[in-house]
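One chain, chain A, links the two complexes that follow: it is found with chain B in the first and with chain C in the second.
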Partner chain A sequence: MRRALYLLVAFGLGVALTLPAFAQEVQTTSIVSFEQPVLITSIGQSAGAMMAMVLAQKAGLSSFVYKQRASLKDVEVAKTLIAVLGASGKGLGAAGVDIDSEIAWGKKLFAHAKELKIPIIAMQIEGEVRRGPMSDRIINALAPQSDYLIVKDSANKDGLFTKISTENKIPITFVKTALDVVPILQEIFPAKEKGDMNNG
Partner chain B sequence: MRFSKGLIGILLALLIGGFTLTAIGSQVAIGTKGMVASAKELASEAGAQILASGGNAVDAAVATAFVLSVVEPYASGLGGEGYMVLSLADGRDRAIDYRSWAPGHVTIKTNPKPRIGPDSTCIPGTVAGLTYALKEYGTMSLAQVLAPAIRLAKEGFPVDKTFVDLLAAHEFYKNMLENPELTEAREIFLKDGLIPDVGTKMTNPQLAHALELLAAQGPDAFYRGEIAKAIVKATGGWITSADLQRYQAVDRDPITSKYRGYEIVGTPPNVAGIVVAEALNILNNFDLSKYKGWDDPGAIHLMAEALLLASADRYPYVGDPDFYALPMEGLLSEEYARDRAQLIDPNKVIPPREASAGDPYKYMPAASSTVPVGVGVLECVGSPSTTQISVVDKDGNAVSITQTLSYFWGSQVMVPGYGFLLNNELHNFNAYNPDNPNDLNVIEPYKRPRTVLAPTIVKDQSGRVFLVLGTPGAGRIPSTVVETIVNTIDFGLPLEEAIKAPKFCSRVAYKELRMESGYSDSTIAALKALGHKIKTYGTLDLYFGGINAVMWKPDGTMVGVGSFRRGGGAAGPE
Partner chain C sequence: MARRKSPLYSLGGWLLLFLLLLGVTFPGLGLGPTSHDVRPGYGVSELRWLSDYLPALKGTPGDTPVYVMKGKKEGGVFLLLGGTHPDEIAGIMAAILAVERGNVSQGTVFVIPHANNSASRHNNGHWGHPELQWLEITTSFGERRHFHYGDRLTQPEDQVPDPKEFVQYPSGEKFPGYEARNLNRNYPGKPDGTLTQQVCFAILQLVEKERVDVVMDMHESGISSRMAYMLVCHPRALQIGAMAAMELEQDGISIKLETARKEFHGLSYRELGDRTGVYAFLMETPNPGQEPNIDHPDIIHDPRAPLNHRVYVQLKTIFALLENYNLVSPPERAIRVSFPFPLEKLDTEELGAFLR
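Presenting the complex of A and B:
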């Protein structure tokens, strides 16, 4: 089975779903495992996807590619999609897209991944600075479609991600700082796997 | 224990009120012994400390500017430029021009449009301007006013939301990760290659070293010494040693005009003081006090049209004053303004692209026929970068500074070993166009590019300083300054309300009237009925700048307001 969403259930999904909304501690419970190669991309064109690339490097992932704006073809050669959610007016402007078309594009990308049974990790690692009206539209449209959520806890002050996680039964891990994502990536991407994608 | 709903309500109100007061307290300050307003509370506090130590407004403004180079390195700094307007208690008004110059090797055929990189830079003027002002009009030593900046660069400061937003929202982050020449920037501005969290302590020991060199050696360290060599190297020779040695700030007469009896002291060309003055001169022909205030469509329409006509005159008549004889007296004459005002129809909009320049030469004491014509209007991309410092001291000396790197993070060229970025002012020049032979803004060696800085001081009928203000915001600068002056003088608003009120921008470079959110639906509808095409922006949007201002009330109270659009702060000695 291509989809590599292995529930290790150390503490069970229920534990993940009851993570506190205002978590102060990094949640590193092993919940899920994913396969490489990984495609890291942005929905909203903020700098978050680039930060995820840095985190993937630090985590020592052996096979990942970063594309700020990925194509459907990029998805097809990946075994996991990491979509970093966060809108940047400047980023959208530079990409020549508006928020509506970006959300539509994100939905199309997610649908294609699901069609190929490629699991989706949705990340919000920029915290509250990326929780404006545009970012929230992206989060509400796409986070519920993901298979796993990694969220900086300052982005969840209003409980939005807890709500999405609970209502959609999506495992979620909160981190205090973006750097705390490194051990999580190391845990959910077993080191043994080698892929054929190069960082670009 | 039981609490009544009423008691809980009171406690909640006190709690919320407490938070609100805390927030306002960082942005609004009141005193009687001097006041500083800038884009960062830390910088304003440093300026206030200088005032408390016996320094005058110039000492405080220079200290504040150097602190901003540390805590707001994306908006101004040693590698940038600026303009300072002074109103001294002895009655003198001065304008210190430390705009950047094109390097000496450029020609009119040089492409001025690179946005980043060494070939986007101009010869920086900030160090020359600030040190000149301090020497001529200050009372303290350079080492004294540099001390707060050196301390913050060494010991660190917490980055705020604006800082994080600008790191996260900009291609600078990508460039820092990918460009090996930005290794030092990456080490200073990022943490483990990541954008730091709000509140993270940031130090800049390299910049501390540069500031210490300035303290010990004066501006020669920058223009002739080891920093100069580093700039030449960082730009690959785009800026040369000869360029840096040649640079000097210029002490000019400011432009002055009258508005409702108040005196407006502003910047002469090659910036936008003339736009502010002409727009206010035009508005002198209308009674704005009969309108309800900032949300009245009638007032907005008149102001938008006045700003539009004034901006139309900027393109053909504003150039580097060291290269051209400009028709300033004509542009500033009341007769000229009256005739321009007659073009305004209270019931119908002038299509922005159809607003044409007037002929100020007809209004000059000795008429001239050498009218520059045929200059195209270019749409400036218009980064809302730049920064504003406003200071009044206990003796009534006042300083208004607007400084910039042009875009946020300027050219993205870091000077290795010295921790500062160079400006990207070159793109403000126009490329040579044989169809526009009279273009005053065509690139030439050692010329200043035309920009829109407009630091301003308003004096009351007795000649006493009333208001010190200015703003970042690129093309929105003149409109934001004019609207704030009208809000205080015509509508009688307290300074914080005058600044917080929504802003709009009207200029020939825009096809539409650009408006911040916050105007009422009926106002928008009425403006549309007059023929305005409206483009709406967010609430308290950085796009419309970030006024930092000080008002000196007749009762002696000084009110300082730091920008509500950029997390500014004000401070005064106790």
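Presenting the complex of A and C:
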């Protein structure tokens, strides 16, 4: 009887320890899929959008466009918008904008995508180095408006992205390194046919 | 009775006057370029001087050795700059290590360990640590080698007095007067300008004449600075930078990627990138010597940023950039560099174990 009780407790403990990881795994892999062509852009003008473009190349996406600062017209030809969130003083300066106008612009871009029913993937793939007052303003303003979040672990040390995901019921995937985004992109942008990956 | 002057006395007076005038007119002329303990290894095929690209620099404190490392196979050209700011010592040591132990199998590598050689002569305490003048590193043979720990700026005595306000040439951007002696505010330089402008101009000449494909300017920041572990790329080089940054992350090196601002003039990556076809980068590692709040900083062994780790990060970043440059460039312009030891060893062992 006592042995059965021990086994039951051990089983319960095992389930309790495994479930959170299992829950995240399910959330990350099977419930989201998106269509191409993809528009990759930056809100905050950090180099993260360029990193996302390289990741899209590595993932073998067949149809994507990278625009560091996209226009409303760029959004209209896309079926998915990937917005990389992160402020860079140098990047904003290079684009000739300040943080307020960048956030206002990001909101306009997101609103236009929603109007056209284009899903938005928000990414933070630069980690904790791209967290700070300016980046956080962008994250708080725009991440809740997205349909899917891909976030580097180290950017979520304070649980900001977990909170946004939970409160707004947005699926989220955490990655350890930026290159871990490659298999996720391959999964959420399934190739319709084998030829899709090499059409050109 | 009038005292008669001896002809010798009179000759001595004239000589003294001549020397004084010479000193006032050409303050650095008597000194020439500062010498350094650099021991070229088998990878070095030729020694040149920066004055080969601007003869006006010859004999001045701005002249500096240029080590040429030619691979057996033709390829692209890489320029490695250390000592743009000679108190940012990891860049100098990484460049010296490349000269002493590096090998090039394809392409040509030009290494300038002391880009601002005037500034390398001594440290005026720009960051509040004038006691830092020499770095002592013990080699695996037990020999104690000494390396200059210099200043951020060209020595004041080597250049005309600072203007009240430095107007950058040719952008017209205004900076505090002392920036007239900052190598990384004076690109593209001027052939007949100040010593600092001449050094910049000579480096630009080298980039153009040698058809350089990639340039890396190695820098350091304070350890708590937002610049620490930052890789700044010319906009055209950002894709290569992004690819390299993600690879470095796989090796446990987390760097912050940035692109050059259009309105920041005079910086190496901005001006060399704009004026030539070169992929231009600048890397920053954290140096305790650039923290005014640290008493007696330990430049070599501070556990937060030991020198061997900083040199490792600089070289590892260069390797990642060159690997990815090779991916996006025609095979005939590839650049392949190696060391006779795994670079990772640098991260765990003292720098002296690798020097000659």
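Points to keep in mind about this one:
In the analysis below, the second predicted complex is superposed on the first by the 164 of 200 C-alpha atoms of A that agree within 3 Å, B and C clash if a C-alpha of one lies under 4 Å from a C-alpha of the other, contacts with A are read in each partner's own complex, and residues count from 1 in each chain.
The definition used in the following text is that a residue touches a chain if its C-beta (ideal position, glycine included) is under 8 Å from a C-beta of that chain, and two chains touch if they have at least 3 such contacts.
The structure presented is a predicted model; accordingly, all values stated were derived computationally and were not measured.
Per the definitions stated earlier, placing chain B and chain C onto a shared chain A by superposition produces a clash between them. Using the contact criterion defined above for the overlaid structures, shared-chain residue A:A178 touches chain B and also reaches chain C. In the superposed model, A:A111 makes contact with neither chain B nor chain C.
Shared-chain residue A:A191: touches no atom of chain B or chain C.
When the two complexes are overlaid on their common chain A, residue A:E126 makes contact with chain B and with chain C alike.
Within the superposed three-chain model, A:V77 lies out of touch with both chain B and chain C [touch as defined at top].
Judged by the touch definition given at the top, the superposed model places A:K90 against both chain B and chain C.
Of 278-286, 368-376 or 422-430, the chain B stretch that intrudes into chain C once chain A is superposed is 422-430 (criterion: clashing C-alpha atoms). Contacts of chain A with chain B, set against its contacts with chain C after fitting on chain A, overlap at residues 46-48, 50-51, 54-55, 88, 90-91, 94, 126-127, 129-130, 154, 177-179. Those residues of chain A that touch chain B in the shared complex are 46-48, 50-51, 54-55, 57-58, 88-91, 94, 126-130, 154, 177-179. On the side of chain B, the complex with chain A involves touching residues 161, 164-165, 167-171, 173-174, 177, 191-195, 197-198.
Across the complex, chain C is touched by residues 46-48, 50-51, 53-55, 88, 90-91, 93-94, 96, 126-127, 129-130, 154, 177-179 of chain A.
Residues 229, 232-233, 235, 238-239, 241-243, 245-247, 249-250, 254, 256-264 of chain C are the ones that touch chain A when the two sit in their complex.
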